[in-house]
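Two complexes are shown next, each including chain A; its partner changes from chain B in the first to chain C in the second.
Presenting the complex of A and B:
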């Protein structure tokens, strides 16, 4: 889309605010003065600095267990769920196959790179700088293919078709021994040692995950304001009108799947390195649904949602054993998911926004200053 | 032109299938026909479960992803009923009634309040399926439950040409599936409630406007759809087995059956069930490690050329 077309589209409609279906943030003054600096700095607010500082300090304060088990896992899962938030929240296509895409990337890292598959020697042993980009590229292609399949029908069908594709991939991994090594899967899929740093160690791995999560987060945020992202949101709200405006609806949707596929694939590579192994269990139905749970739990209205959801999910998963029987984790997570879907469809973010509204209604005078110093 | 393409696709799909059939019969006729029977009896089970799924979807646009859980619930109920009463017919009734009651509770207690919010309803069914699966595992355990066939259907039927012997129970699934299909057809086409359901599939709002209590029709349909899943569960408890995870398998089968057959169409469910059942059993018999690939290829082909399914209509 050319710049002229883009301007026309913006002027024709009510602009981005109406398209994205939510009001622009009010009363938030930039922390740093704009004055001639790059607009990048102008967008920085107090809460951004606080969160970033907390993330950077966190691994030096927390124990390695918490850094790795909770920090890194949340980031990897959050990145995969971010791809679903992008697709579902902004593209209007709830895909249950995002874990499948991540799983394809993980499997390919194991198959192309180095892994030990107990008795069979399937892995090709490529170096990591070849195996990882190849895995991400192929996974993105698969994501585009899944997208092509599922955008042929509309709305509610998407969830069925992507679930069918995801479960079919699970059974393929389970039954096939020549490529996917069946039930066993691959063990010892490890992050490489680069620049003399062993990225498997908790601290380096956390920073690796943090880097890619931030990259994914800002990439998605950028994309949502770019012409492509705005067109995608327009398609979510009214595909017929966008089609009449001359946008190729199908192409935009498939491209959205491909982009989300890249994000999910990066998350998948991180997750396979985090776990150190991959097998059919990693792409089974429960994980397909867990990604949806994480995305919905956090809220699909903002790219930060999946990361919040992932933190809650991982905390529940890790400390479930202390609070109640570990066996009943599914009951708890299913119940939490059910409660969110039934009572707060926009997830934790929606709940938070609701609280804010309530609070600001009670004290209308202090609204602006209150909103100003949100973390 | 359209005729040409129809011929073209019949040839592209038909010729390789015919070549395979001839080769397989020449190679090992007994294996071929046993697989055929296995495939058709599995199709029968798939049809029973998926017809409930498609009925609910057609009327309410509710993708009930807890359908597999209802299947498993029906199976367990049937198993314990048969254990205590020793009657297979009673087990079937218990499976149907139990699942139908749960389905009714879901519709009346939850889905009635989110009419028209299809995605939210679907997410609720996902949550319910997680909770149901875990509750059943908690109450019953993760071990395999295998139900025995009733005495009058136990053992093999001997003296069939080419095959020699075949399980009576599995063979009986064919007529059961056909009877269920005919009953469902009669119910939908020859009764007043069936008429309302069909009218609701076409246009819900007009049905409501003409004075029909739509909520009641929805509740009845949901109960029947769920009941069919439970009924299938009892049948499947003998033919397959019951263990956590089977719910997902039957859910996947239902999904593929209705995607291939066309969503909301009972005849489509029958067609889809036969295609899926045959593809799965032939795949397992002739190419075990790639059998899922055939299912997937069918799904891809149908989505590529008939996005609404073989017998689907525009929503």
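Presenting the complex of A and C:
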């Protein structure tokens, strides 16, 4: 696939979504369209309430295992993939280094905060309220740096250069012993106990992950309608024209990398707390690619996509081994991924949109014309 | 009429209760064991063989222990600690296993040991992971390891090297925890007996170019201690041969494996006389070991993808699974009271393994035997590892006092 084709493919998915404002589609009455309330509430529809209610009820009915391993892990991975959706779907820059940024944040939480390295005491033991913001800030700086390195390239070359950055960081972690503790990495990187709540227990941790995932989701949704996000989509569609309009395209793209870096860093902190450890394996090539798989699986046309992708990804990783011959279960995982991408180039969101179209064709009275109008 | 209806309902309810109880009793009949090994990633072949070893231990008992049926639930990781913990968590919390056997590699072992602290009612038994730290640093009360680890495997090699007349050696080893342990196991004895190690070269795992290391080899060393695995060892040998090197070798536990012995280069004959330390020796002729090898070969013919002779992973997984089952037998399958009796039995029993008896120390780490082997040439010109001697009763402190023991690292021990 040439660079131009790649970009076109990226744009085709996401281009429909934003740009225009969001008129309430015909045939769907806002659930809370109470006169006088802010337009924020007017946008709330039945499915939003349904999903939120389901998310809140879910941890109370599911086992701690499902809550923690499926729920919380999906949210943390989804948040990291969300940063890629933002960059790739709306900025036209597919960066494979998002897991690297998350890994930098995770490593810094371990190095600055409390963790146990097996033979040396590297961790500085800062309290969490100092270590976590510092980790996110440094990770965002690193993300801006990665952006600065790769921003002048396009399409497949962006992928190559960010992959190179990611692999370089992997080898740095693997071979540096004074800071990253090499092959062993850090053990016992645990979420702190705050307000008398042990945040590493399944239920509190799920809610922590849920809070930050919702925050990330709404932040990205807001950003896409703010001038910054609209200009970013303009740059994706026609950088020369935006340049002519007076935008500093390079600076704008670097800023997008930094913003995506913050989202990825928050996800990285959640992920390191989820795993309780970090090592070179957590930032290896397979994870760089897994994040892309999650984003593509869910669909890059809406910020909900990466979370859907993460749920499917985690479910498959966890349960595929029960479905099939235990020594061949990766076949199932690969097969499902292939099927999703093959039958719907837009991932799960593409399926959803297809279903919606089919459904609305059966009921011509309530025509849904806004294809980009997703949950 | 009303009365009889009520009676009927009661009878039904009673029947349901009985059915529920008998269901529970039936569930009591099986014991669930989780088995974790790497079926993906760099150790996939070793992981598959580890599973064969563990299954062999179950087959030996006909799938039953203490009158209960064994239900084995397998899971896979790719040698990454986070993946190993996810797989273990699924087995313990979702599949509800009673006993957990695994994982395969060092980093995974430490991570699973940490996880085991959050599940105090489940007993965790190691697979084949060999990191010293797993039982030395913050040991977990419900994590047991019936196999000896990397440092213990090399005990006895220091003396063997001095016996061969190697008074000064250079160490070439990969730069991570397992080779640190191996080098420590060798050097702690070697240095104590007066040997000198002027240079240690730590090379990255999976490195391709050894020219800078070869250039650093001093002229006045008598031998090279090469602790490299698989392809790394072959690459090193090729390059050392090309550079015209001629020093004899002392090998780590995974250095002088079959792929090294099948090495076809000109230096092939110079491999003869290479000594190494290992927990398994193919040529060991004790009847228990020969029986183990024969059972393995009978159950897993080469045509099914198994190795011609069981690998280190098969043996070690076999030992740990056997420990899990022998312990269950000893307590008649009683896992009540948070498995307290079972753990007590595990901690105190003497395990009979194909390579000698094993007991546990206070950290629930094996005290066992290791082999010193030497490469020799047979009549057909094939190279194989001959057993020089078996060293028994090696503990994790390597015979040192607890106060003076330090875990192996790049700089510990040191005797230039």
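Rule of thumb we're sticking to: the second predicted complex is superposed on the first by the 314 of 375 C-alpha atoms of A that agree within 3 Å, B and C clash if a C-alpha of one lies under 4 Å from a C-alpha of the other, contacts with A are read in each partner's own complex, and residues count from 1 in each chain.
Keep in mind that, in the parts below, a residue touches a chain if its C-beta (ideal position, glycine included) is under 8 Å from a C-beta of that chain, and two chains touch if they have at least 3 such contacts.
Quick caveat, the model's predicted, so the values are computed rather than measured.
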item: Touching partner for A:330 - first (chain B), second (chain C), both, neither; value: both
item: Touched partner set for A:277, first chain B, second chain C, both or neither; value: second
item: First, second, both or neither for A:105, with chain B first and chain C second; value: neither
item: Which of chain B and chain C A:259 touches, first, second, both or neither; value: neither
item: Which of chain B and chain C A:94 touches, first, second, both or neither; value: first
item: First, second, both or neither for A:348, with chain B first and chain C second; value: neither
item: First (chain B), second (chain C), both or neither touched by A:285; value: first
item: Chain B versus chain C as contact partner of A:224, first or second or both or neither; value: neither
item: First, second, both or neither for A:177, with chain B first and chain C second; value: both
item: Shared contact residues on chain A - chain B and chain C; value: 175, 177, 286, 327, 330
item: Touching residues (chain side chain A, partner chain C) in the complex; value: 63-66, 68-69, 73, 116, 118-120, 174-175, 177, 182-185, 187-188, 275-277, 279, 281-282, 284, 286, 317-318, 321, 326-327, 329-330
item: Chain A-facing residues of chain C, complex; value: 39-40, 48, 74-76, 78-83, 85-86, 89-90, 93-94, 107, 110-111, 114-115, 131, 133, 137-138, 175-177, 204-205, 407, 409-410
item: Complex contact set, residues of chain B against chain A; value: 61, 63, 65, 110, 118-120, 122-124, 126-128, 130-131, 133-135, 138, 248, 251-252, 255-256, 258-259, 263, 288-293, 295-296, 299-300, 303-304, 307-308, 315
item: Of all residues in chain A, those that touch chain B in their complex; value: 94, 149-150, 152-157, 159-161, 163-165, 167-168, 171-172, 175-178, 285-286, 289, 292, 296, 327-328, 330-331, 333-335, 337-338, 341-342, 345
